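Next up: some structures, all given as structure tokens.
Here chain A shows up in two complexes: once beside chain B, once beside chain C.
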Partner chain A sequence: MAVLQAQGLYKSYGQVKALDDVNIEIEDSELLAVIGPSGSGKTTLLRSIAGFVQLDSGKIFIKSKDITDLPPEKRNVAMFFQNYALWPHMTVFENVAYGLKIRRYDKKAIREKVEWALDFLDIKSLAERKPNQLSGGQQQRVALARAIVVQPDVLLLDEPLSNLDAKIRMRIRFELKALQKKLQIATLYVTHDQEEALSIADRIAVMHNGKVLQIGTPQQVYKEPVNLFVADFIGVNSIVRIKPLDKDIVKVGNLEFQPQQGVLHLVIRAEEARVLPAKEHVTLKEGDLKLEGIIMGKLYLGSKHRYEIKIHGIEEILFINSEEAFKINEQIQIIIPKDSFFVYWQ
Partner chain B sequence: MKFSILRMTLKVVFIIFMLLVMIGPLVGIVIWSFARVWYWPSPLPQEFTLRYWIEVFKQGRVLNSLVLSVTIALLTVAFSTLLAIPAAYGFARYRLPFERILLLLFLMPQAFPQLPVFINLASIFGRMGLRGNIWGIVLAHTMASLVFSLWIITATFKSIPVELEQVAQNLGASRFKVFWTITFPIAIPGIIAGAIYVFLWSMGEFTAAFFIGAPFIQTAPVLMYTSSMGYNLQIASVIAIILIIPSLIFMILIERFLKAEYIASLGG
Partner chain C sequence: MRLQTKERFIGFLLVLPAFLVLIFLYVYPLIRAIWTSFLKDNHLTWANYGKVFEIYSRDVLYSVVMTTGVVLVVLVLSILLASYLRFKEWRFLDLMYRLPLFIPFLIVGHAMRIFLAPHGTLNNLLTRILRVEELPGFSRSWIGLLWTFVWVMTPYAALIVLGAFRALDSSYIEAARNLGASKAKVVFTVIMPMCKPSIMVAAILTFVRTISSLTIPVMIGPNTPNMITVDMMFRINFFNDWGVANALGVVSYLIVVVLAVYYLRFMATERGGIKG
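What follows is the complex of A and B.
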């Protein structure tokens, strides 16, 4: 059963549509990641579920109960703020205990629950410290403990990893996922980082200009993007735009396409394309794309190189990584498996 | 090596110079308070005496006026702060119509020369029966000092990220509860800073106290003024020194409580 249901949410700020007919559901103990570029409406969606945004129209249900018109303090959802928002005048223990005190638990129950939460997040030793004596990672854990200790129906995470440095972020991703599975709380996870979303989410909702463009598992969204925007936003890509010259067939490499309205956009998953010497013989599978070109430039990236490639007959330059070493001006061919490129007319 | 000695010397000279600038005028007052006879151009008084200090402490007049000043200042602080807190919260958290104009309106009593403002106020208070009693002075001081507490406390509330309140609300606290458990405790340093400022301003305020208090009420600054006008410079000096004590306490407290960011967000 869906824990959270949002139906037909609309919200506009002046001319800007922050939410444009948004419908999402989160199942029990599911982690739904909402991704999109800044200004896509993902944070507005999260804040409207928390009750900090007044919707123009639409309904939000939590466990089948309509909470659309309830004030923030009456919804049992816990929000994790991007900047942690720990209270500077309270210790870690007091910060975590706050929600329980409001709910009028007795002293003993509060102590037990707070200790459980601090233990769960491995920060028991910090209980008596003030927030300004904690590192960024520790503050993040305290904020998380404060949110989960009240046993919310839905956990709302607003860019939880964006204030951590890259190395810690990688490790925390695993921890966060394990944590969420252990707690079994329905979670809405807002991020602009598609890689983070792919690795952590059960399902992903891609938002753009206030609209949800696609909802699906990470595999679905990655392998079967519904439109150009989703295809381009997920993964590391190179895009080629080709304007059909006449009504004839458009030829791209070894493949031919029937012309349609607009311009042909070819999105190539750069991490799955293979670069080979032009002379090497390859047997193509049905539907694979082969492009021929010339190396224009290269960057050394440690385990691999990043190549700047000019394709014959196409103006735009492709950027593709490969472990093999090529020289500048060398003739090469690029093999792209059939589910690693997408064609859209726009 | 030579260079660093030169720098050291310059540093010491600079510090002594600054001390002279800051403390010099005070030294004059201290000497005057002990002087019995002091004719120009002698650098020090011809005769010293403790008479005036003893007189000040024996005569009830001076101590009474000090007690009166402190009482008025404390009442002013109480009214000014209590009025300013809800108003400042409104200014800091809600988009009020004509916000800037309203904020500037509170500046009005301080924006014009004090003499005409308070003489007019005194004549109005006279008709209302508020002249010659301390409530008149307290009211005038509260009106005039509201701008200080309002601006300082507004800046303090503005410097508190709104997320800190939203988390509490998100965890189930009502708006009222959020204010008392989160916003107010975090704002206390700023509120104290505002209170100290109002206290000191009221303690030293002369014009309103003189025109509205006359003829029955004599606050310390008024007494100091009348004594020095009556060529009793020694008594005036003693009162001046006693009046410095709250300022010193203020300096110590301000160092502890007033953070740069409160001032930085003033009017922002």
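What follows is the complex of A and C.
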């Protein structure tokens, strides 16, 4: 049973379509990540579920109840704000207790629940501090405690990790995931970091210009992107564009493609491609792509190199990482497995 | 070392104009006023204060109570207005509430006299609605004075309070609503506490401006009791008695000082408590 259903959401700001026929569902205790470039409508989607955006049309259901016209305070969805939005005049305890006080729990129940939440997030010792006496990471935990303590039907997270530095982000990412699974709370997680989404989501929704282009498991979105945008947005890629001459068959490396309308876009998952010396013999599997080229430049990246590669017969330069060492101007071949490149005509 | 002395001297020169202005326009008159308040027939004496206590203690009390009343009403009104405009954009109201800012006190006083007179606009309306013959005018009563003060002071206070409410990041408000708080609850539990310093400033400015206002009590106020400022004017105009007038001035100044001290202490704890 879906906890949250959003059906046909539309919202425009003047000419800008922030939401353009958005349909999503979140299952019980599922974590749905919404990703997309800046301005694709992620925050607008989240805020419309929380009730802070007046939709042009569409319906939102929580546990089958239509909440489209309810004010924010009647929705029982908890939002986590990017800047945490902890109230500076209240202690950590009071911040976390706020939602419970509003819900008219008695003193004892409030104390128990707040202590449970603080314990859960490992910040019990901070209860009497004010938010300005906390580090960024601690504030984040308080904000989370404040959101989960009211036992919301849906948890909404808007780029929760964007204020933290890269190292901590990696760690907290998994903590968040573990926490969400332990609480079994349906969660909508907005991020523009595709790697973050791939690593923690049960399913991913890719947004662009207010539209949801694809929803699926991380594997589906990564392995079977529905269009060029999704293919390019997910993963680390190199793209080659080829304009067919006349109505000839288009040859790329060892493969041939029937010409269609527009330009051929070849999206290559740079993480999956293998660079080998030109002379080395390889047996290709059916459908694998082999390109031949020459090393134009290289960047040292620690455990590997990033190579700038010119492919014979193609103007664009590819960027591919490899652990093996090649010299500039060395002739090489690139092997790309069948499910690691995608062809689109556009 | 020499350079340092020179730099100090230049620094001194730079602040000198401001310093002189402060001395001549503020410190000197204040000291003069205090000095004069202790003079009677060229003798140092407490006599002026004795007179203040004897004749005017009722007026001092009246001034403080009236001013405090004005501050309370003004605060309630400006918080209501600011809360409304914080949640709802309404251009018309946003412009209208500022209008009194641009009307001189004298004109307000005159307008209110006409409005509140025994046969003025308000009473004409009231007699018609209530179907009675006669109603007393409010123009020479404490009600009229309070009304006029509130009319004049609310826009200033609302300007300050609304400015603070609008400057408050929306996420604080949305976080509260998200957790189930109604708009009214949000105003009391989040917006007002977070804007307390500005609300205090609005209250204190209203207090000082009200207690030191002369035009309005002269034109609207009852003949007795009077605001301190009116008493001062009478003392000077009819008795040429600068001693008692200055003593009255010092008394009203002391009232404001008490407030200022309270305000500074509040700000100190606020800074220590919230901003770290």
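What to note about this one:
Just so it is clear, the second predicted complex is superposed on the first by the 346 of 346 C-alpha atoms of A that agree within 3 Å, B and C clash if a C-alpha of one lies under 4 Å from a C-alpha of the other, contacts with A are read in each partner's own complex, and residues count from 1 in each chain.
Just so we're on the same page, a contact is a pair of C-beta atoms (placed from the backbone, for glycine too) under 8 Å apart; a residue touches a chain by one contact, two chains touch by 3 or more.
The structure displayed is predicted, hence computed values, not measured ones.
Overlaying the two complexes via chain A brings chain B and chain C into a clash.
Once the two complexes are overlaid on the shared chain, A:K11 sits clear of chain B and of chain C alike. Once the two complexes are overlaid on the shared chain, A:H265 sits clear of chain B and of chain C alike.
After overlaying the two complexes on the shared chain, residue contacts for A:R141 are found with neither chain B nor chain C. In the superposition on chain A, contact of A:K42 is made with neither chain B nor chain C.
Contacts of A:N132 after superposition on the shared chain: chain C is touched, whereas chain B is not.
Taken together, the two complexes place residues 50-52, 71-74, 77-79, 81, 83, 85, 87-89, 98-99, 102-103, 146, 150 of chain A in contact with chain B and also with chain C. Across the complex, chain A meets chain C through its residues 50-52, 71-74, 76-79, 81-83, 85, 87-89, 98-99, 102-103, 130, 132-133, 146, 150.
The touching residues of chain C, counted against chain A in their complex, run 169, 171-172, 174-182, 185, 189-190, 193-194, 196, 273-276. Residues 50-52, 71-74, 77-79, 81, 83, 85, 87-89, 98-99, 102-103, 146, 150 of chain A are the ones touching chain B in the complex.
Across the interface of their complex, chain A is touched by residues 161, 163-164, 166-174, 177, 181-182, 185-186 of chain B.
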